[in-house]
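Have a look at this one before I ask anything.
Chain nomenclature is as follows: A, B, C and D, assigned in order of appearance, with residue numbering initiated at 1 for each chain independently.
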Amino acid sequence: MSAKTKIAILGASGYTGAESIRLVMGHPNLELKALTGYSRAGQALEATYPNFTGYDLPPIQKWEDVEWSDIDAVFACLPHGASQETIAQIKDKVDCIIDLSADFRIKDPDLYASTYGRPHGFPSLLQNAVYGLTEYARNDLRGADLVACPGCYPTCSLLSLLPGVEAGMFDLSSIIIDAKSGVTGAGRKAKEGLIFSEVSDGAHAYGVASHRHAPEIDQVLGRISGQDVVVSFTPHLIPMNRGMITTTYVNLAKGVTFEQVKSEYEGRYATEPFAHIVESVPQTRHIRGSNRFVMGIFKDRIPGRVIIIGVIDNLTKGSAGQAIQNYNLVRGWDETLGLKHLAVFP
Amino acid sequence: MSAKTKIAILGASGYTGAESIRLVMGHPNLELKALTGYSRAGQALEATYPNFTGYDLPPIQKWEDVEWSDIDAVFACLPHGASQETIAQIKDKVDCIIDLSADFRIKDPDLYASTYGRPHGFPSLLQNAVYGLTEYARNDLRGADLVACPGCYPTCSLLSLLPGVEAGMFDLSSIIIDAKSGVTGAGRKAKEGLIFSEVSDGAHAYGVASHRHAPEIDQVLGRISGQDVVVSFTPHLIPMNRGMITTTYVNLAKGVTFEQVKSEYEGRYATEPFAHIVESVPQTRHIRGSNRFVMGIFKDRIPGRVIIIGVIDNLTKGSAGQAIQNYNLVRGWDETLGLKHLAVFP
Amino acid sequence: MSAKTKIAILGASGYTGAESIRLVMGHPNLELKALTGYSRAGQALEATYPNFTGYDLPPIQKWEDVEWSDIDAVFACLPHGASQETIAQIKDKVDCIIDLSADFRIKDPDLYASTYGRPHGFPSLLQNAVYGLTEYARNDLRGADLVACPGCYPTCSLLSLLPGVEAGMFDLSSIIIDAKSGVTGAGRKAKEGLIFSEVSDGAHAYGVASHRHAPEIDQVLGRISGQDVVVSFTPHLIPMNRGMITTTYVNLAKGVTFEQVKSEYEGRYATEPFAHIVESVPQTRHIRGSNRFVMGIFKDRIPGRVIIIGVIDNLTKGSAGQAIQNYNLVRGWDETLGLKHLAVFP
Amino acid sequence: MSAKTKIAILGASGYTGAESIRLVMGHPNLELKALTGYSRAGQALEATYPNFTGYDLPPIQKWEDVEWSDIDAVFACLPHGASQETIAQIKDKVDCIIDLSADFRIKDPDLYASTYGRPHGFPSLLQNAVYGLTEYARNDLRGADLVACPGCYPTCSLLSLLPGVEAGMFDLSSIIIDAKSGVTGAGRKAKEGLIFSEVSDGAHAYGVASHRHAPEIDQVLGRISGQDVVVSFTPHLIPMNRGMITTTYVNLAKGVTFEQVKSEYEGRYATEPFAHIVESVPQTRHIRGSNRFVMGIFKDRIPGRVIIIGVIDNLTKGSAGQAIQNYNLVRGWDETLGLKHLAVFP
């Protein structure tokens, strides 16, 4: 009998699924017991991910076929929409579900409906879910049974903004987030627009003024500040695999100085295990494969404005890494368990 | 006796030099007569650029050794600083010099000195030089003998902003330019920070709040608007060879609508041969190797704000292509001569 | 009435289609009159290829809807299999068809069937088609009405081998071709295995000992040498857009020296407009976007063996460029017409 | 007092140095006590490698300043030539030196001199060094005080060939190794030929018939087979960071069948922790950051010939990972200690 916690990963064939597998396999307290998929059910994982060849992993099966009595907790890496359907059905069978999809991120069912183009199927679950931006959710995570991990863009944007927002240091009507993401952020989909020759050696914006992560960012900033917030948010696709930058422009509130803001951030993140402030300009490649958020804060040329540059690995801190970190906290474990991977650079 | 105009390219071994060679070789009215370089003087060009192997090109020589009586016009692709020194010495020997360096872009000698960290050596030449942002310089270009081609970032930023600025449609205190450039923008330099493994598969900002192209942008916006302008400007390095995006955020002036702005832009660029407005989001790869500036204009989520996304190939429209376009206008030729290259995609 | 030759391009939405459009648009004697596609019929080309935005191009239509009386010649860029079906139906409506697919490359219907897994539908057309490896087909091309352009791998491999094979200088049982191709060689297909994150920052072989281009290479070597030839051929996928290298290893025939071989190659290619021998090691990036085949020939460490390294742009000399070159010869024009593009480097 | 073994890493600023640091930091029995460098002495490591920011690491110092009494073992990641000089001076101060340079790989001083263009300075040390191709060196490694880690190309080539060579199954005069490497293989050097725009989006061979790893491969094949062996070896540079493929072509010895060879390989590697045979075609990206060698073996189209495709991460199994594996064996530890990193894919 294993003393380890038994984990099922739903949606093992996507990139967040694969990253979850990598992290669970390296976690001292977790044991990978089940992998699910739909079109690939019955296959070995290594048929999709040869990087897992030779490890003794469970085969991909349909979630209906999982022996749930043998599972303690679930990492759900399903597409948006499909996630809530499945979670509703297995919710009572396991102790905790960590959802990496967008399905439980937006608390207001109306906002969910307008953002995702369909009503939420399980509003009561929605109310229950803890929004797992780890550094701002520790109190709620302990013992939670449903955790909604933030989107990758919200993670990087919010960690860049929240210390200043919490301290009332920013003009909240002035927030502009210019984001750049690697291609894994789009998932593992056979889409013409994602093939190598369409996204390499070039760059472009997408989802201009309409990306679904913007309302999610608004919601959290609003909750923390107690004000209505609307951010400007423009993501760009960059020819790299992993990694994300958010370059955030914001005006200081009246009477606030740059030095005060910097000092506030340094204080807030001084003891965080995975949020770091550097004097240099952070680069995505230096946190590749690690669970770190790294940021720099800079005085703009325009007086009264600051520029905050944050980077994460979208698959790790922006998804599966934050999921593990959250589950560690759900269980009351050291939150760095299984997450000490150094960046793989170059 | 050749009826073609005889051209010398100074600084043939850099990337703007190489792009100038490519474009001059394809120009019906131009003949490449001399190439200069310092450390590579005496070598064939193909030792540095094997892509030019087998064409009958002049060898690289020191500029002092050029037979200037045989040269009509010069494209100067020298490093900043070196350019003014050389230009001052050959100025009277040729009809026209098109300078691709930064040396004659900033009109105010004090601003030049503070931006480039040294006084300008030839302030009288400075006053004389035409700032060759082609679409806004046609009247001045005709017959000019010294043309300063704009930097790549200013070209893309200014073409994105000027129609609205000229029409008084923007709040000039609100301009934020978030720029992304390919690696050729850094030139052909043996620097550790530019080697493949340091810049591939990742992205980062640089020159935050301190890039030398910001004062150049300020200067032109100030001249056109008649007001003092300070922009926020943050460039990022992207793992691609050629190409640049500027994502520009600006508030509308009071009473101005998005539709009015869009219509103003469409009118302004309707007949431009190399400036185009598209409904979709422009991508750098779709203008790779061409002289096009392509932009889209979008309503932000925040009311009263617009997002303008512009792309150019930094080596073509951002440098050597604009140089040729300018020279065509100096001579009173069709400005598209030698510039009809279609983008090479994929 | 236009004096230009009117061209239809079948299969405009694939990469060889797009490259054909680029080259036809720059050809002084050709006029683009029709573009065909199936799923995109009715759309503007720029919806698929924004790089063609703003040029006055015909819309995509179904081939059945083309006004064939208005077309002189056709470049067929259709998928293998579909090509022969369509060509059979339009064959009598136009003067000449240049086929860029694999459908008419293999002369022997049995070999075709075993290679492509189905019998050829039009064996009589097959016999008629000229195999358009330009440098070895000039006599047959003049006036031809159906030309089968070679595959990209065969083009690069055969140009690397044929001068020596023709001169009887090689041991034909010893040929090993290790090939590396950019991702555009796989076409514009929404396949999971082609998305950026699956093919960037890594490399792999594919089609080991089973690639369909191997029998095509055998066939031509056999025809030229008069012997049965079986080559070893292993292609690899490389994270670049365009470009291909073939590294070919072959033993010299008894009594033949390296110097004799080198001299034979230099003589054979001395006057070729698009086949060049260099002393340095050729790089794909230096011929990007051009119609050049560039090769180097080297003495191996193992006595009696040579290494021939050839590079082409798979979309240009390996496909659409060679197609144009062939059509120039069909018409008796200068074969370099419309093909003088310099490489776009960097 | 620490029970861990205290490690110094010489040459911390190169890529093999950085990879050694990553692996030592994750090793349960090792403690990083000193880092050396020359031009960067006095700096924090994070000034060169921001990926190590925030970890408590020793500063870079000159090797002369290291407190050697406090060091148990050394990983020497110095440039070739410099390595032997330094090692000769510290040899008696530490228990064991694992050398990652080329200085102790070639046993024969004459071959060393002709390969590296200078006589070896310390031939007696040379005789003493264990050639650490781990899977073929276990008996010699136990207790060794100087280990020469193989080059990356030899590691991948030899692991591909040795099971068949050892069993006498190959015609040793027929070996052709066509290799492809990522750019980190060239090290962290400010060379023009390594900057992004010179090596991205393209590929090329280099060191044709003259690469220094070829004599190293010959030497080991000769030692194992008891015959003189000369291989054909052609490396290519591929636009990826990490990873290497060797595609090896070899004729079977008389009477040997493909099935026998395959079975021999499967037997030989069945219990190896880091050498794996797969049925599919291995890809470098699937072993990125891990210590795995993965290979496939295929029947060629030419009867009697096999194709062996091997992949490693050049910085891990091809350098720092193999170094750790060797040191584990020197100490009699489980050889997988500190090396269980899963590949980071995508």
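The rule is simple: contacts are C-beta pairs under 8 Å (C-beta built on N, C-alpha and C of every residue); 3 or more make two chains touch, one makes a residue touch a chain.
Note that the structure is a prediction, hence the values are computed from the model and not measured.
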A-B or B-C - the one linked by more C-beta pairs in contact: A-B
Centre-to-centre distance between chain C and chain A (centres being mean Cα positions), rounded to whole Å: 45
Intercentroid distance (Cα basis), chain B paired with chain A, Å: 39
Distance from the mean Cα position of chain C to that of chain B, given in whole angstrom: 36
Multi-partner residues of chain B (at least 2 other chains): 15, 184, 197-198, 200-201, 239-242, 282-283, 285-286, 288, 346
Chain contact topology (line, ring, star, complete or other): complete
Contact footprint of chain A on chain B as seen in their complex: 173, 176, 178, 180, 182, 197-198, 200-206, 208-209, 214, 230-234, 236, 238-243, 245, 247, 249, 281-286, 288, 296, 298-302, 305, 307, 309, 311, 346
Residues of chain A defined as touching chain C within the complex: 15, 183-184, 188-192, 194-201, 239-241
Chain C partner contacts - residues on chain B that touch it in the complex: 15, 18, 22, 25-26, 49-55, 184, 200-201, 241-242, 276, 278, 280, 282-283, 285-290, 294, 340-346
